[in-house]
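What follows is a short report on a single structure.
All chains are identified by letter, namely A, B, C, D and E, in their written order; residue positions are counted from 1 within each chain.
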Amino acid sequence: MARIGVFICHCGENISATVDVKQVAAAAARIPGVAHSVEYKYMCSDPGQQLVKDAIREKGLTGVVVAACSPRMHEPTFRRACAETGLNPFLCEMANIREHCSWVHEKGDATTEKAIDIVRTLVAKVKKNKALQPIQVPVTKVALVIGGGIAGIQASLDIANAGHRVILVEREPSIGGHMSQLSETFPTLDCSQCILTPRMVEVAQHPNITLYSYAELESLDGFIGNFKARIRRKARSLDETLCTGCGLCTQKCPTRKIPGEFDAGLGLRPAIYVPFPQAVPNKPVIDREHCTYYRTGKCRLCEKICPTQAIRFDQLDEIVEVEVGAVVVATGFDIKHGDFFPEYGYGKYPDVIDGLQFERLASASGPTLGEIRRPSDGKVPETVVFVACAGSRDPAKGIEYCSKICCMYTAKHAMLYRHKVHGGKPYVFYMDIRAGGKMYEEFVRRAMEEDGVQYVRGRISRVFERDGKLVVKGADTLLGARPMEIEADLVVLATAAVAQPGAEELAQKLHVSYDAHRFFSEAHPKLRPVETNTAGIFLAGACQAPKDIPESVAQASGAAAKVAALFSRSELVREPLIAVVDRQPPPVYSSCVGCFLCQSACPYQAIEKEEIRGRDGQLIKTVARVNPGLCQGCGTCVAFCRTKSIDIQGFSHEQVHAEVLALLNRGERDA
Amino acid sequence: METEKRSIQREALAKLIEQWCREGKRVLAPRKSGDKVDFDRVTSLSEVSFDHVQTVQSPKSAVFPRVEELFSFRSADGQVEVRDRELDILPETVVFGLRPCDAAAFAALEAIFNWDAPDRLFTARRARTTLVAVACSRADEYCFCTSVGGGPGAVAGSDILLTDLGQGEFLAEIASAKGREMLQAADSLFGPALDADKESRLAKPAAVFAADAVAAVLAGLFADTAFWEEQSRRCVGCGACAYVCPTCACFDIQDEGGASGKRLRCWDSCGFGLFTLHTSGHNPRPLQSQRWRQRLMHKFSYMPERQGVLGCVGCGRCSRGCPVDMNILEHLRAIAEARP
Amino acid sequence: MPDFQPKIVAFVCNWCTYAGADLTGTSRMKYSPQVSIIRFPCTGRIDFMLLLKAFASGADGIIVSGCHPNDCHYSSGNFHARRRWIIFRGLLDFLGIDVRRVQFSWVSAAEGAKWAQLVNETSERIRELGPFAGYQRLRGLGVG
Amino acid sequence: MKTGFYPGCSMKGSAREYSESLLAVARELNRELPEVPDWNCCGATAAHNLDPDLALALPARILAAAEKDGMDEVLVPCAACYSRLKVTRHELLEDEQLRQRISGLVEADYRGSTEVLNILEWLSRVPELEKHVKKPFQRKVACYYGCLLVRPAGIVKFDRPEDPQTMDLLMRKLGAEPIDWAFKTECCGAGFSVSRTDLVAKLSGHILEDAVSRGAEAVIVACPMCHLNLDMRRPNIEKRAGKKISIPVIYITQALGLAMGLPAKKLGLQRHKVAVKISAANAAAKDI
Amino acid sequence: MNALREKARELLATKTVQVVIGYAPGSGGAARALFVREAAQAGELVFDETCLQNLAAYLMKPEVRRLGRAALVARPATLRTILQLAAENQLAESSLLALVPGADGVLSLSTFSAIEAHVAAQDNDLSAAEKSELEKFAAMGLDERREFWQEQFSRCLKCYACRAACPLCYCTRCTVECNQPQWIPVPAHDLGNLEWNVMRAMHLAGRCTNCGDCSRACPVGIPLYLLNQKLCSDVLSSFNQRSGMAARADHSLSTFKPDDPEDFIR
């Protein structure tokens, strides 16, 4: 006979303000099989948990229902409390009467009735719960880091320095990411490359790090501790082991007028190229789309001059399979391109550029060697208009959210411009200045007060060309919404920071969720900001939301710490909420008839064929078997099984069936 | 009791049915629906089929419904309250137009349900049921009543047996006290006995085997596995034969509901693989051949031995209803001819 | 019938819709209390038999909701569920069972507002349709 | 598909040539444009500032009449009327209670089946319009949309609100070369036409000057109000600018009519304040 | 017919197979299954339009399997059933061969791929009459459809003849026999009958090969084929899949396409 304890939480007043908790407790007490029913102000507090533990011991409870908040919040808390008394933790269930009841309904009888319904449902479930034993799975102590920007670099180094192997995958020919493109960094104005390149070199030389540059994740299967990743190493057209990075090929390549990605389209590069001089690895790659040989079948100049005969025109993409125990996703962000603000002339006028392009103009390694010269004619601009919030915080035409980094880098840009062009007139059009951060507000003040940047609070309506000038029409909302017209030489748009173009596809490969803007979703916005909802996959940097460098680095170190913690044990304990196939003594053996429809339904290839043989070795029947290491517990197989031979622990046929009946049979509450 | 002979005209028969209905009786009679004829509730003679050979189902559901509530229960405050079925609300029923073989089948049902402890519900229903049979003017290749002690004009089992004499006239043989009661309640509708040749109106199904000979052979045939496998190879193991059979009485007990609910008696069949499955997983009759053997043994060997009646009246329904043409007559002939 | 309060069961997956309904709660959006949730790991787990059980037990309406296509925590459980519902819904309709009583939906963990709206609209529709008396009558013995 | 026609006041008065050219073109394209029966004033421009119910009731009555007449869509060539009808349709369909109340006021029930079309949408839906072009309109033109065709963007859901393209694409089909300019949706002064002609002269002047400076030979419009300000107020504009500005302003329907080879008179070109010079022999000659 | 008997004789005489499962004249002018184990008995075999039963059902019966390799006289639906059973891991290729009587002799198909090729060349669509019956149904009102089925199901005895006759109902434990929990009410009352028939239709969705034996088996004449044909046609129109076309099939209900069409999920 079941002896169930029901524990009803007031959650301060979060529940008790709309639900009559006393009535719920009284009703629960009348449910057959309920041996104990109490309510308490904060069930999750220490004294609250003690109530549960004492009752288990004193009343000999065989199951526990905590009617409180979402199981996503405190299920582990109460299961742990149960386990401390020796009650199997899987005999504890949460009845969610807060998120699904008290918070979403008005105070009244109907709300209390519903809370009672929920409690009755979970009591019916817990009566069918079975004691389950956790599953031990081995952990492969190798981390996969996807993305070699500053976040990926930091995470790789931290994990590697903790003594674990790291496989770092970077899509581009070199690691470095957006940070390597930047000129100076706010709020210190130190040179971006000067602080980044030592880290890049450290990655290249670290004995624990295997770097796959110019490579992408093909697929990821498995689960925490036991992932199998397939990595596509795109053909560089080069034998990296032979290449010494001498650069002869890149100097001699006859196809030289290709807009370079690293210079955000402002500079030119050859068809065989290293993205930038400090690239890691410092090995070129042939851009097959532009290379004369691939286009016409003639040339092969690089092959001829290469001193080590490293060029391989017939190289194919290579798929590398690796086993890893954890994944850090650090794929970064992109800026919004295209014509979402056609009235600003971005893409139409060469002198309307984005922030990243300005970084290249201001960078000593950039196409102008650090001199601010406008792209159209190379003239040093006398007036520059910087437009903050070009697309950000604009639900009508752009995106709703704040891109977070633009206020700071726009201030930096204006400052850099003033430092480099002394007589120049910088204007910044802004909505608000968001300079929360150590030394950030001071930095913006400095731009306004010391460097004479003219900040105009207002938006611009359009930019058009007139007599060789860019006419910027806007309004100064602080001075009586006075319309303004500025004749500028260069317009810099701080276009919105958005997710990487392939983010959605990558999320689907990784089985992690993403938000409406395709940024990857953290497991909890406050308490689990570096985890995803998929165990063993962590987030670092701007792939989760726009972030500046210090934040990206901090999150990367956080993710690395999570990985290191995971790798601190050689075995991992998994919840046993997995599918199992019926087994019985002979002569039945199993009710499974071996149709294996479940096998084609399983997303994890967790269903195997098992041959049941008699003592004489004669095959009696072939039935399904679930590999407990691979099964993730989705239960899709369960719904396909006609003989109900597969069941899923924790959401078993008996449990869910009992829930449906109990939920709908209010009449039996008092019975 | 002496059988009293009277006559009744078709028009009077119609009035008789209307009278029964007026008296609140449930009248079940063969009725045509699509290409099948089956027992159904009727309120007038025009709904009743006469020209069929046999209905799909037997009339046994009048006394042994396919689902019957035995009692209801309710648990509250740790107490369980059980409520028996009220017997007086069971309907007075007239089964009209059943065949003499069907009428004879009630004796087999009575023998089973009252074998040791009398079955309250069955007995109450049976007591409220009157059988007004119609003799067979046609038989088909599946009929074999004459091999099992019955006949197309046999009176045994009927309360009243009607024989169609042509021109809208029926011979009415009143064969029981219940029949007499029925006659008395509507005496004016019946005419005097007619001098007619009943036999000439009847079908003539041939007698194919002797039931006691079959019983004798079966007694020694139990262990002849090869025989039964050969006999049953075509059988797919459904319950159609048992469910249409007028004498099959196996049932299963099911509880429905949670803390309050009903206990139900539902038809079951020995042809199902799970019929004899034990909780342990052991099944004493795992093969269809064994289940087929059980069906024949039960009807032709065990029942005569234990209850003193045959478990078969030769209606042929099981053969007609079988999806794979397991024609019982052929099998019985094979048994009679078998020499174990 | 103005006082009719329908009984609606929601079968939802743990990762998207359950979390979405949690978000509805944390956002303090209001919805009709006639709907109660039963949690499943994934829509792929939801046996069509459970929908029949819900109706047989007296539900007037059913909501089935999980992750949007491509967003399944288990990568494809919702796709399997979708196929199942395409066929099952067609069968119900063929049998004359009003499919307006079953609302299928995708509600992500971020769509707290969508959950509230879905519940309210479904409750309203079921209220208009009235009690599912035709189905609930089947619970009687119906024979003999 | 039945398409109705809502002329509104200007098509019967100050912008008769717009109506004349539209109907001439429609005839040529074999399209019937029956007028919405018993139509009334759309309420522009004053009603929505004075009485919100009236502002919705007037267009609602028009829409209900069109719907009752079985019109699947109504072509509303005047941009101001278009805006009023489009906004009303949106508001009524968003709010069922409001729809019922307004329906009660006008004693006619608009259920939302009749769509509202502007002239550019209507022309864009003509399949293979370029096949009707007999005399390509080989001019540099400034396509001027004004404010009401594309705004409010969330309601009209037509084209890019700040840099619309529909008229440019249509003019290209007629053989013209639209200039790239920034004044497509700048304000012409609109309703200040009467009360503050000085403002109109300034705003409309900027538009014309920019069009001329970029080499446009004609300004193409799709709004009677824009036309009024750019054409009829030309003396005020020229006075303020201190120079002669002779660029003609013509309706898109007139441009289309010309390209289709229809006579200028049928298109009402003679009614303009700023002369539209036509070379009868060859529309492709320098003078239009 | 003679060719069939000749072929059966040959197969048995050469011990290519141990049993030929075919048809013989039965009661009431219908044909019935015949298990021919001796060459001499082959003369009893017939094949004509009365031979309707899908004999593949016997391939799943342990007593028949024990006889050894079987040659099965196959109608088109029988062949589809063989492939479907093979796709569900229920048949070994070596355990049978199919005999397809035709106008010019008997085709002997001894491999799954031969059966696949043969089936692929047939018209496996629902017939025009079947389609028009479904259309007639679709045109009926919801209430009309409900009343129709309620009346039909009210006659269901739960004798499971449909299940027993169906070659794809080979499960050794049917859902209706699962009692922890009790998924389907055992009693043959309205609810039990509805749930039983819905469950059976769903479990055959994407698997049924439309042989029609369930309807022919039903002693009370419930037109079960309508349910199965409805689902066959839905599976085809929604997923472009047919059951019984390949021995290694893509099961239509345990696979998916990311763009499966639906218009009802909000």
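The working rule: a contact is a pair of C-beta atoms (placed from the backbone, for glycine too) under 8 Å apart; a residue touches a chain by one contact, two chains touch by 3 or more.
A quick note: this is a predicted structure, and the numbers were derived from the prediction, not measured.
Using CA atoms only, can you tell me which chain is the most central one in this structure?
The most central chain here turns out to be C.
Can you tell me which chain lies farthest from subunit B, using the average of the Cα atoms as each chain's centre?
D
When all chain pairs are ranked by how many C-beta pairs they have in contact, which pair ranks first?
Top-ranked chain pair by contacting C-beta pairs: A-C.
So what's the Cα centroid distance for subunit B and subunit C, whole Å?
46
Rounded to the nearest whole Å, what is the centre-to-centre distance of subunit D and subunit E, using the mean of the C-alpha atoms as each centre?
67
Of all residues in subunit C, which are in touch with two or more distinct other chains?
Residue numbers touching two or more other chains: 48, 53, 70, 76, 80, 84, 141, 143.
Of all the residues in subunit B, which ones touch at least 2 other chains?
66-67, 264
Find every residue in subunit A that makes contact with two or more other chains and list them.
Where subunit A meets two or more other chains at a single residue, that happens at 601, 640, 653, 657, 661, 665.
Provide the residue numbers of subunit E that touch subunit A in the complex, in ascending order.
Listed in rising order, the residues are 88-90, 170-175, 178, 180-181, 183, 203, 250-251, 253-255.
Can you list the subunit A residues touching subunit E in their complex?
591, 593-598, 600-601, 622, 640, 642-645, 653-654, 657-658
Help me check something: in the complex, which residues belonging to subunit A touch subunit B?
Residues in contact with subunit B: 32, 584-588, 661, 665, 667-668, 670-671.
Going by the contact rule set out above, which residues of subunit C touch subunit A in the complex?
On the subunit C side, the touching residues are 5, 7, 9, 15-16, 18-19, 21-22, 24-26, 28-31, 33-34, 36-42, 44-48, 50, 53-54, 57-59, 67, 70-77, 80-81, 84, 108-110, 116.
Per the contact definition, I'd like the list of subunit D residues that touch subunit A in the complex.
These residues of subunit D touch subunit A: 153-154, 160-163, 180-182, 210, 213.
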